[in-house]
Amino acid sequence: MNTQPFLRMDDIHKRFGDLVASGGVTLEVEENEIHSLLGENGAGKSVLMNILCGVLSPNEGQIIYRGEPLRLGSPREAIRHGIGMVHQHFMLVPNLTVAENYVLGQGMPARVISNMRDVYARIRELSERYGLDVRPDALIQDLSVGEQQRVEILKVLFHGIDLLILDEPTAVLTPQETDRLLVLLRDLVKDGKTVIFISHKLDEVMTVSDRVSVMRDAKVVFTTRAADTNPRELARMMVGRDVLMELPRTNRTPGRTVFSVDGLSCDNEIGLPAVRNVSLEVREGEIVGIAGVSGNGQSELALAMTGLLPVTSGTISLNGEEISRLPPGEVNRRPIGHIPEDRHKMGIVLPLALTENVLLQRYNRPPFAKHGLLKFGTIAEHTRDLIRRFRVKASGEFDLIQNLSGGNQQKLVVARELARDPDFLLINQLTRGIDIGAMELVMQEVLKQREAGRAILLISTELEELFAICDRILVMFHGELVGELPPDRGRIEEMGLLMAGDRQEAARLAAART
Amino acid sequence: MANIENERPRAADTDIMGNAMSMLVRIAQAIALPVAAVLVALICGGILLSLNGFNGWDVFSVMIVGVLQDTRSIAEILLKSIPLILIGVGLCVAFRCSIWNIGAEGQLYAGAVAATIVGVAFEGLTPWIYVPLVMVAGALAGAAWAGIAGLLKVYFRASEIVTTIMLNYIALIGTSYLVTGPLRDAASAYPQSARLLKEAWMPRILPPTRLHIGILVAVALAIAFYVFLFRSSAGYAVRVVGINANAARYAGINVGRNIMIAICISGGMAGLAGAFEVAGVTRRLYQNISPGYGFEGIAVALLANNNPIGAIFSGGLFAILRSGSELMQITAQVPQVLVSVIQGMVILSVVAFGVYRFRSASRSQ
Amino acid sequence: MKFSRRTCLAALAGLTMAGATGPALADDFKMGLLVPGSVAEEGWNRIAYDALLRVEKELGADISYVELHENPSAFENAFRNYASQGYDVVLGHGFQFQDAALTVAADFPDTTFLISSSHVFDGNVIGLNTDSSEPFYLMGVIAAMTGKSAGLVGGLEIPPIKQSFEGFINGARSVDPNFPISQVYVGSFTDSTAAKEAAVGMIARGANIVVPNANAAGLGVVQAAREAGPDVQTFSVYSDYTEAAPENTLGVYVADYGQGIVRIVSQIKDGSFEAAGNIVFGLKDTDVMMFSYNDHSARSVPDDVRRKVEEVKNGIIAGEIATRAD
Amino acid sequence: MEDVATLGFIATTIGATWRLATPLIFAAIGEVFSERAGVLNIGLEGVMLVGAFVGFATMFAYGSLPLGLASAVAAGAVVGLLFAFFTITIKADQIVVGAAINLLGMGLTAFLFRTYFVGTGRGVEIAQPLDIPGLSDLPFFGEAFFRHNAIVYSTLLVVVLAVVVLYKTSFGLTLRAVGEHPKAVDVVGRSVAAYRYGAVMIGTGLAGLGGAFLTLGHSNQFVENITSGRGFIALAVVVFARWSPVGAFFVAMLFGLFYALQLQLQAQPALNIPYQALQALPYVMTIVALVMVRNKGDTPKMLGVPYTKA
């Protein structure tokens, strides 16, 4: 009976033009297990899972599911076979309700939607069974990211799925929410479901999985039982060599205060208060971290600090100069660097060349411009220099930046900002979406800046990143700074409570520790 | 935007031979696309003619030979190309900034009206002052008219597509009012303005033809705006705003100001075109002074891939099409409306070829 | 509209040679026409096109026309194109062609430039005017004698249209100084929908005579009259389109511009043409300007009115009645 | 002199309003479908011309009003297919292709009209006003509301149908999602492209009908450029109506009112305003309206953005 596994993806190939996304992947998943799929960005995890849920079709290879070959023409067919996926970027239409999202694409197009009452009832029932707290009539755009994820998971359950695929589900969650999710996944397995869990967070994978597969360079290179491995081994399999997660750094006494914020408040784009009365200071040779679940005002704080969002009250000073009322063009003229949160949204201009991206904030002043005209010779030389120093993989300085991988794009952004020789460097998500190799390089570069006496503020949702390089970590919740901790992995639970806004419990924990 | 081809300036000190070669290849590609597109459109037009009882081949051969037969014909084409190049170049700047200014027609009228008001007002002024004055008046009025749409976009986020279309109608109706009312030539019953003073006329550069200095101005401005867009800081800012407004803000570029700059440049160029029409060609303001140059300019910019230098050639091509269509009707009685069919087809085939090229480029990556 | 390879090549050869050797070469008598809009429209542009066709038929001339939609900058070039190809007569159909013709005329003394709706007279540039205020004056008389109130729907506010309306008003007021008349300009020669609604509005407010002067858009007015039933009447102006609303058409004013043109052009052709000034066609030119009644109208014009109109007409021809100021 | 405020004047104006709004209602509601699915079609003017011409030509040849209207809808949909092919399949810029469609529509209808209809001079039989017993003869209300032809009344039907299709069917739900978050539609196995084709063709089909109203429901002749800018006005109506079919109906009525007032007020000799000021009114009001409603962020998020799988 059990000669055939529950699911077998056999020698799957998928190419996009010359890019090989799956180069003969073979993956076996047993029924009723949580099977984690680990891998760096670009290793081919998402493509493989998109093939499994019918969004993409493979060039070669076959899928055996419950002993039968499975040919999927569309995600609808996958759902019919009981395979569903919770995507990393939610597939929820913001101007529709939860229930409308659930019935989206179901049934004949000409069907008049009349059974909404049944849909509501079913949603309520499932929501209660798994303790998900989802209201069927809520508009998606009114929900928080965490709520939206619960809506997504419930959607898959709503469609009666047996094999559930989750693509990096914990990236947007607090540690507590993550724990809750992991418990939920266990419950689902108890109910007879099978889960494929994509992640790059080793600790979660170790906690939740029955088995783990590691992907590298578009292939599955390693599959094992979770009990038989350890994080170090998994990390080595992911990058193909040992990874040093502990970066060496010197003990250094911070110098004078370079950058400080006092009582800062600002509103978000739609006019709601986003940052409340934030005060902090960053000194020479110090890396200050801001931890928090995304959506707690960090983005607005970063924008406000660089003049991109108007400040409603409070002051920002750089080297003693008050800059909170300056327009961004003026802030740019100060020795301040800013690595933005979402490089595609603001850090780079995709259809332009590397040179023209390096030019970005300094397009109108020496050494790149003179008498209003751009000096391409100087710009090109500077760009070549950055490419060399930061090992950016590009065919040349005139290559379009959209042809570069995410990691190389980020390296160029980091390179550009560091090359501006800033006294104060603001980093919002240093390593988001880049592979471990690039991660190490950029983290080391930032540490070098610390050695050189720069003041650095690192906003991140990745605790690993913060613990690795920060001197102290502030925690942000609902627009406020709710606590400060040293970068001590032993206090991660305390940090999680602060990130969830539970100051009392965190304080109790801190008290108990001493 | 359809396919923002990226201008990639090369540093002088890199491989010169390689640069020259790749430059040639790029130029060849840039030329091959519009030429192929125009050929396809002409073939479609020819088929349409043949289906309706004309001999398409003969019609087109008459057209091409006819429009290029002598100095005067060529001068006429150049004359027609002046407004098309000016408007096309201006729209290259606007489109590079992702501003869909559909209102060049109205801005042309605004320029024509201003040029007329100035052009009939100052007796005894020397042409050395008067001619530039008329040009400046036209350009400023066009820029101001476009600026209304710009302000509405920046302050009220009103879609410039809609506002510029509305402003077209208002400009046309306003001109109709002016030539039947306040600006009407007192000496005539006709809805036309008084003749512009002789000193305000655009000097002719190739007598006895009507070709005037506008062609030199248009070409010079095309080159100037090429330099502006691809070689200057200000033009870089305009382009970044057009591609990614968030990145522009991040870079310290004032998005609203650059939207205003781009839309006012395009409006100013259209206004200048209007000034050239009244002061260089008709010498009076009529209520229908433009046969749709403002709309044609959109196609001119597109065919040029939003490159001002390219707009010189695409503007010239559209002028040939237009002259040719008049000749086509004179000699072969082919309805002139066919020219808008051909223009439509030119646009569609440019789009189709452009996408093909874009796709093959991305495959090779 | 067949267009053969042979004629095309001939035209091509003619063109090139004309360019090289000047106008004297051409043997055949040739006439060209510039119209400011589509000859496919009922009304103004069509009149000129019909005239051109008659010149071809009756005088055996080679003809050609070009439509220059709202395009003043192209006028001069078109005149030059024709003149340099040896065309003997070029008709610019509209006052707006006048400046361009004057500019070109000096270079082509052998070509006669006729300009419609213009009072110009300068060497070989001669204005031709069809004074539509005269027939419209008659319509005004009829309206005031048989109707309650009248509405006039114009295209754009340009002299030929303004003058015709002035004639209508003067005619009506000569009968009844308080006769109510309203006017609307729809601002377009193509928007027949707006023209119709303008007429519908007038009818609703009591007008039982509505008269268009808006080229193609004018058809909307006829349509409005027809839908309003037999009580509302209109006139067919410039050309005869009685059949569009046979029961609602009181009369037909046909400007047989062709006849007038043929007359002038034949004189030019045989060299007998001597102009002493610009030419005005009026009711006196009975071959050119015809006004007739439609007996199928539901409210056919009664005989006493017809007699009165005949009197007025004679008065106009005799110059005793001025149909408009100036 | 007549008083502007008389009941007769108001009744006439209201009647004219609805008739003048009718082509706008069809075109604007069609465009709501298209834009809700993320496709901006500025080629409406050209499509309406094609509808006006094809409807007229069919009626001329076969004398059947239903056939004429149906062929106008079909012709509009065919032009929509062309537009959709370029913008959805080839992923060309929607504004550029729309501009080309306008040129083609204008040129082709004029070219064909001249080649085949010049000199025919004859009109066609148009849709007759319905005589509704008891209502058409009512004072005031009869003139204002109950003396229209079936095409005018069908605008009400179109609004209702549009609301039902857009908000009460699976198709409509998916269509709205396509303009907002196409990937979400893709992953549930519906083809984004197919929905966009559908939305565009519904839009152009209705625009074709709007055009046909001009030749088959109002004047009885095709005239070159008979739409006289109504396609562009319809675009403004959609923005003003915040992409709602019901809104589109009322905003189109408002524009109809401006048109009607313009024509009616001109005929008032007592009013001493240059008629051009009245003519400019609808366009000025559009701009004022845009400023007043601001951009509330209910623009379909993916409007104008081609969708690429994965």
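Letters A, B, C and D mark the chains in the order given here, with residues in each chain numbered from 1 onward.
The rule we apply is simple: contacts are C-beta pairs under 8 Å (C-beta built on N, C-alpha and C of every residue); 3 or more make two chains touch, one makes a residue touch a chain.
Chains and their UniProt names: A = ATP-binding cassette domain-containing protein; B, D = ABC transporter permease; C = BMP family ABC transporter substrate-binding protein.
Just so we're clear, the structure is a prediction, and the values are computed from it rather than from any experiment.
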item	value
Chain at maximum distance from chain D, centres defined as averaged CA atoms	A
Selected interface, B-D versus A-D, where C-beta contact pairs are more numerous	B-D
Distance between the centres, which are taken as Cα means, of chain D and chain A, whole angstrom	46
Centre distance in Å when chain B and chain D are each reduced to the mean of their C-alpha atoms	30
Centroid spacing, where centroids are CA-atom means, of chain A and chain B in whole angstrom	46
Centroid distance [mean C-alpha coordinates] between chain D and chain C, Å	34
Residues of chain A engaged with two or more neighbouring chains	none
For chain C, residues contacting two or more additional chains	1, 38, 157, 187
Shared-contact residues (touching 2 or more other chains) in chain B	53, 173, 176, 180, 335, 337
Listing of all chain pairs that touch each other, if any do	A-B, A-D, B-C, B-D, C-D
Chain B contact footprint on chain A (complex, rising order)	17-18, 306, 308, 327-333, 338, 340, 345-353, 356, 359-361, 363-364, 369, 372-374, 376-377, 379-381, 398, 400, 403
Chain C residues within the chain D interface of the complex	1, 38-42, 151, 157, 181-188, 190-198, 200-202, 204-205, 216-217, 219-220, 223, 227, 241, 243-244
Contact set on chain D toward chain B in their complex	40, 42, 86, 90-93, 95-97, 99-104, 106-108, 110-112, 114-115, 224, 229, 232, 235-236, 239, 274, 276-277, 279-280, 283-284, 286-287, 290-291, 294-295
List of chain B residues in touch with chain D within their complex	1-2, 48, 52-53, 100, 102, 152, 156-159, 161-163, 165-167, 169-170, 173-174, 176-177, 180-181, 295, 298-299, 302, 335, 337-345, 347-348, 351-352, 354-355
Partner chain A, residues of chain B touching it in the complex	4, 6, 8-14, 227, 231-234, 236-237, 239-240, 243-244, 246-247, 249-254, 362-363, 365
